[in-house]
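Listed after this line are the structures, all set down as structure tokens.
In the two assemblies presented below, subunit A is common to both, partnered first by subunit B and then by subunit C.
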Partner chain A sequence: MKTVGVIGAGMTLFRRRLQETGKEMCFEATKMALDSAGLTRADVDMVVNGTAPDAFDGVHMKGEYLADGCGGYRKPYTRVFTGGGTGVFSTIAGWWHVASGLADVVLVVNEEKMSSCQPHPQSVFAHIWDPILDRPLKPNLVWIFAMEMNRYMHVHGVKKEDIARVAVKNKRNAVGHPCAQLADPNITVDDVLASEVMAWPVQRLDISPPSDGASAVVLASEDFIRRRKIKDRAWISGVGWCIDSTMWTDRDLYFPEYVARAAKQAYKMAKISDPRRQIDFAEPYDPFDYKELHHLEGLLLARKGEAPILTREGVTERDGDLPVCPSGGLMGVGNPIAATMGQKIGELFWQLTNQAGKRQIPQEVHTGVAQAWGDLMQYGSVVVMSS
Partner chain B sequence: MSERITKWPGVELSAADLSEGKVTQTRFRPNAKYAWSAGEAMSRFLAELQDGRLIARTCHSCKRTLFPPRMFCEECFRPTDTWTYIQDTGTIETFSVSYLDTDAKRIPDPILVGVISLDGASPKMGMMHYFGEMTKEEIRIGMRVKAVWKPWEERRGSVLDIKYFAPLPEGKK
Partner chain C sequence: MRVGIIGIGMTAFRPSTPEYSWKELMFEAASRAYADADVDPRTQVDSFITCAEDYYEGFGIFDEFTPDQLGGALRRVCTVTGDGLQGLANAFMQIQTGLIEVAVVEAHSKASDLITLEGIVEHALDPIWNKPLGAHPFVVAGLEADAFLRGTKTSPKALAAVVAKNRRNGLRNPLAAYGADVDPEHVLRSEERFAPLRALDIANPADGCVVLVLASEAAAKRLHANPVWVRGIGWATDSPGLETRDWVQATYAELAARMAYRLAKVRRPTSEIHFAEVDDRFSYKELQHLEAIGLAKRGEAGRKASKGEHDLAGPLPVNASGGSLGCGNVFEATGLHRAAEVALQLRGDAGTHQLDGVRVGVAQSWRFVPSSTGAVAVLGVGR
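The block that comes next holds the complex of A and B.
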């Protein structure tokens, strides 16, 4: 298996609505990633696109539609989709193109344009449910997160204020992110607790909003990186992914077992036996504040029920012992589903190559983990990267 | 990153830019309709609902009683073996008090909704449904509940043949 490195990254602004089309957003993010790697489209062997349900953009065959913007024109090109898990999974797909020896340079481009869907992308989320068991009950997507959050709180006796701390931390971290949609330097735990109740226990400020945006990374083989003397690179040292059943009412929602399985796969490959000691920082998927805690436990970076305590003690702050979502995460930067690769894989690259600017973690970091999550609370994708 | 890149691409629009036609745009309203054949397991499940019963499938290999019923066991990856009725009572595993409808519109009276693990099925197996005859202050995880069925003539072979789950009085099974 070839060793694979990330050598460039780019992303657009994340906003509730962008004027650019999906293709145009992809072009901007891709061009930025290529420029930052010092490459052109001619250097690219293959292209992977990641994007979530077609119904957001309203274009079936969305992957094909976006191909030109992703640099895929007349090249080997594939679109991958694992729900919200796409944000990290597309990099795994890019990785296997290079690790297999098939390609030296691969572009991975993720896009989401949720604003096209009127009046709100929520109505399209209704189409993910089982047509016989769930849909007659007219579920709202926030319901399942509320149910998972409530179960997690119940099993471990977690207080809402400890969950709100995640929203505060990430929205404050996002202040240093040039693309952030929801950065807020002054937000407090009380603001989160006082925000409108949507589906208890979920309140307005517990949720990341829908967004438009695109992000891109460039992957290359170790041979290519050495031959071209590329200095800014971070190695992909482990990958893992796992799916559970769509029959989500058949499992205890307090712990994401599928994330733990994906993490174990990635850690084994990265030769990580003690993740809490060997991993310096993490970018777990945080579309809701409680998800960061849930995923830290799934990633085995905290014991079950311990993540809220670590958060309360400041361990997960940017200058803490285990910085978590130094990018500002989905809670602070925004949640254009697949394009959150920019805060996950992109942030790992920028942190590990010391390019994160105002967001740079003060202590030296050598190993980070990124994770995404999706579908009906059933999909985990994990990437470990090292300097 | 932050140092080297000075301009981050993207032009932000407001809701009014679209709704008031301030930017050039085009519109489309799909008219897609679907009919799903319910398949082997769900056809029987829905027919039993109409009769006021909940049915599961057993797997003799892993010894589980699988609900919702399915014709193959995803764990053992073999056909399931027999049909078996389970109870219409169970325990609230989790719930939400929702002020949002399907289109994310706000509603004044919250919907009580959650997951019920059903008696007779394997542990933690159950279904999502509404709760009734309880307030948002009374509902709690671990509460024992029982299905309240629609009158026979109103049942259609749907999960909605159960109106909601209501508190199971103390001492009753």
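The block that comes next holds the complex of A and C.
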């Protein structure tokens, strides 16, 4: 198994509606990532694309359409897709391209253009259900996440205030992120609690709204990194991915077992036996504020039901003992589904190479974990990176 | 580290399968593959890969619906939105890392569920430059066929020979949906569709599923398998833009073959490769692909086809399975089906279309209109 490092990252602005086409957004992110690594397209052996539902962009075989924007022209090029899990999963696919020895340098480019979907991308989510058992009930995503949030709150006796603290922390962390769509230095818990109710207990400021954006990272083998004397690199020390049954109605939603299994795979590979002690900071997937808490427990960084307490005590603040979503996460920077690789893998790279600028965690960090979540509340993808 | 195919499972390909859902098709092919490899998916498989596209499936996020019927719940499962051979390439790489010992690749088609196939394929055209022109998406294939015939001075009669051969080969393959005793005259008299392509030049859709089980050499030994080795694999994408791609030659196939041959250490494909299964969803594609992967010189594939050199008894049998013209267009499962057919031939399990004494074969795929993506796998038995 070859050792693989991240040597460059880039991301576009995240906005409710960007003028650029999907291809153009991919080009921008790709160019930034290559420039930051000091490479050109000629150095790239293979390209991996990650992007979520084709129906957002309204393009069938969306990966083919985006290929030239991603730098895939006349190269081995593959798209992978694990719903929202793609945000971290595409990097895992890039990892096996390099770790297998087949490629030295791989570009991973993630894109999402949700604004093409009119009047609202939520309409795509009408088509993600089992056509016989679920679809006739006309569910939507906010609806089922409200069920999951409710179950989580009920089992552990969690208060809405403690969940709202995550939204406040992340929207404040995003201040200073050059791509952020939702940064707010003055937001308070009361603002979140006073926002419009979508489907109880989910309120408007508990959710990260639709967005357009793209992000890219450059992966390279250890041999290449040493040969080219590349200084800014962060090693991928563990990867894990896991899917649970399609039948979400058959599971207890209070704990994401699939995330825990993916995390255990990644920790085993990274030789991490005590994640709470050995991991310095985390970028769990936070499209809803309660998901950060849910995923911290899934990542075994908090005991079941403990994540809200850690948040209340300030442990997960940027200057806390376990900084969580120092990027501002999806709640603060935005949620163009697959393109959130920029806040997850990108942020790990920037933090571990001291390039996070205003977002840099004040204490020294050596190991971080990124995680994404997708499909029907069933997919976990986890990457551990070390300096 | 060598990677081998240790299990093959397929359903029959049929124009429609009203008694089966796509989940049941997957379950059947997977059950057959696990029985063939003698593995328990719940304990002996480390990774599952499905090859599917949302629009073909009619779902917003098809990846959700993959784990249960494959035995992959609470395990490593992912979707490669590509042709089955691209899925095979990813399984190959996963095993090469050493993290995964046994991997499963699945691809299927439930084309009979599609009410508006033309509309779906049309959505793959560039939404700004091409889709507004309003043409049927197969016009892209017609234009390319015309460029190929002119650029290589190939006669339309050669296309008819390809169709007749593959439809007749399909008669010998019990899994094929469209086996028929077609002669070249039938093809040339069939209705003109996307000139120069006629009705019989275009493969008809079919339902079906293919599952392969792959293993590292060590795992294959432990499982007492008799593997067909993946000697080399390659994949590539040319320009997605209709305006900027090569229309005469299949550059994607040429690049993919170059990579696969490099890994397989194949220097002279014409003498080292004994037979081929190539994408023939439009008749000219078989000839274009044979030239791109170095099994015929430019402009020669058509003449060889007309002389019967690609027949079952010829020097280079091509699409002995019947190809897509004989078996049916199974969309993203097309490439994986070809790999399965090559593996069956190499194991000596191809039944009435078994070729004699073959030890190295090649499978080639393309992602259908309007893509410029393809993959090539070199498979072999023995040392």
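Just a few scattered comments:
By our rule, the second predicted complex is superposed on the first by the 387 of 387 C-alpha atoms of A that agree within 3 Å, B and C clash if a C-alpha of one lies under 4 Å from a C-alpha of the other, contacts with A are read in each partner's own complex, and residues count from 1 in each chain.
To be clear about the criterion, a residue touches a chain if its C-beta (ideal position, glycine included) is under 8 Å from a C-beta of that chain, and two chains touch if they have at least 3 such contacts.
Keep in mind the model is a prediction, meaning the values are calculated, not measured.
Of the two partner chains placed around the shared chain by superposition, neither subunit B nor subunit C is touched by A:285. By the document's definition of touching, of the two partners only subunit B reaches A:199; subunit C does not.
Once the two complexes are overlaid on the shared chain, A:93 sits against subunit C while remaining clear of subunit B. Once chain A of one complex is fitted onto chain A of the other, the partner contacts of A:147 are limited to subunit B, with no touch recorded for subunit C.
Touch criterion met: A:126 reaches subunit B and subunit C at once. Looking at the shared chain after the overlay, A:58 reaches both subunit B and subunit C. When the two complexes are overlaid on their common chain A, residue A:179 makes contact with subunit B while staying clear of subunit C.
By the touch criterion defined above, A:247 lies against subunit B and subunit C together after alignment on the C-alpha atoms of chain A. Using the contact criterion defined above for the overlaid structures, shared-chain residue A:73 touches subunit C, although it does not reach subunit B. Common to the subunit B and subunit C contact sets on subunit A are residues 58, 126, 131, 245, 247.
Within the complex, the subunit A residues that touch subunit C are 1-2, 21, 52-55, 57-68, 72-83, 89, 93, 95-97, 99-102, 124-128, 130-131, 239, 241-247, 257-258, 261, 265, 269, 374-376, 378-379.
Residues 53-55, 58-61, 63-68, 72-82, 86, 89-90, 92-94, 96-99, 120-124, 126-128, 234-241, 251, 255-256, 259, 263, 367, 371-373 of subunit C touch subunit A in their complex.
Residues 9, 11-20, 25, 28-29, 32, 36, 58, 115, 119-120, 122-123, 126, 131-134, 136-140, 142-143, 146-148, 150-151, 154, 176, 178-179, 197-202, 212-213, 245, 247, 249-253, 350, 355-359 of subunit A are the ones touching subunit B in the complex. The residues of subunit B lying in touch with subunit A in their complex are 1-5, 8-15, 17-18, 23, 28, 30, 34, 36, 38, 42, 45-46, 67-68, 70, 74, 93-104, 110, 113-115, 124-130, 136, 141, 158-160.
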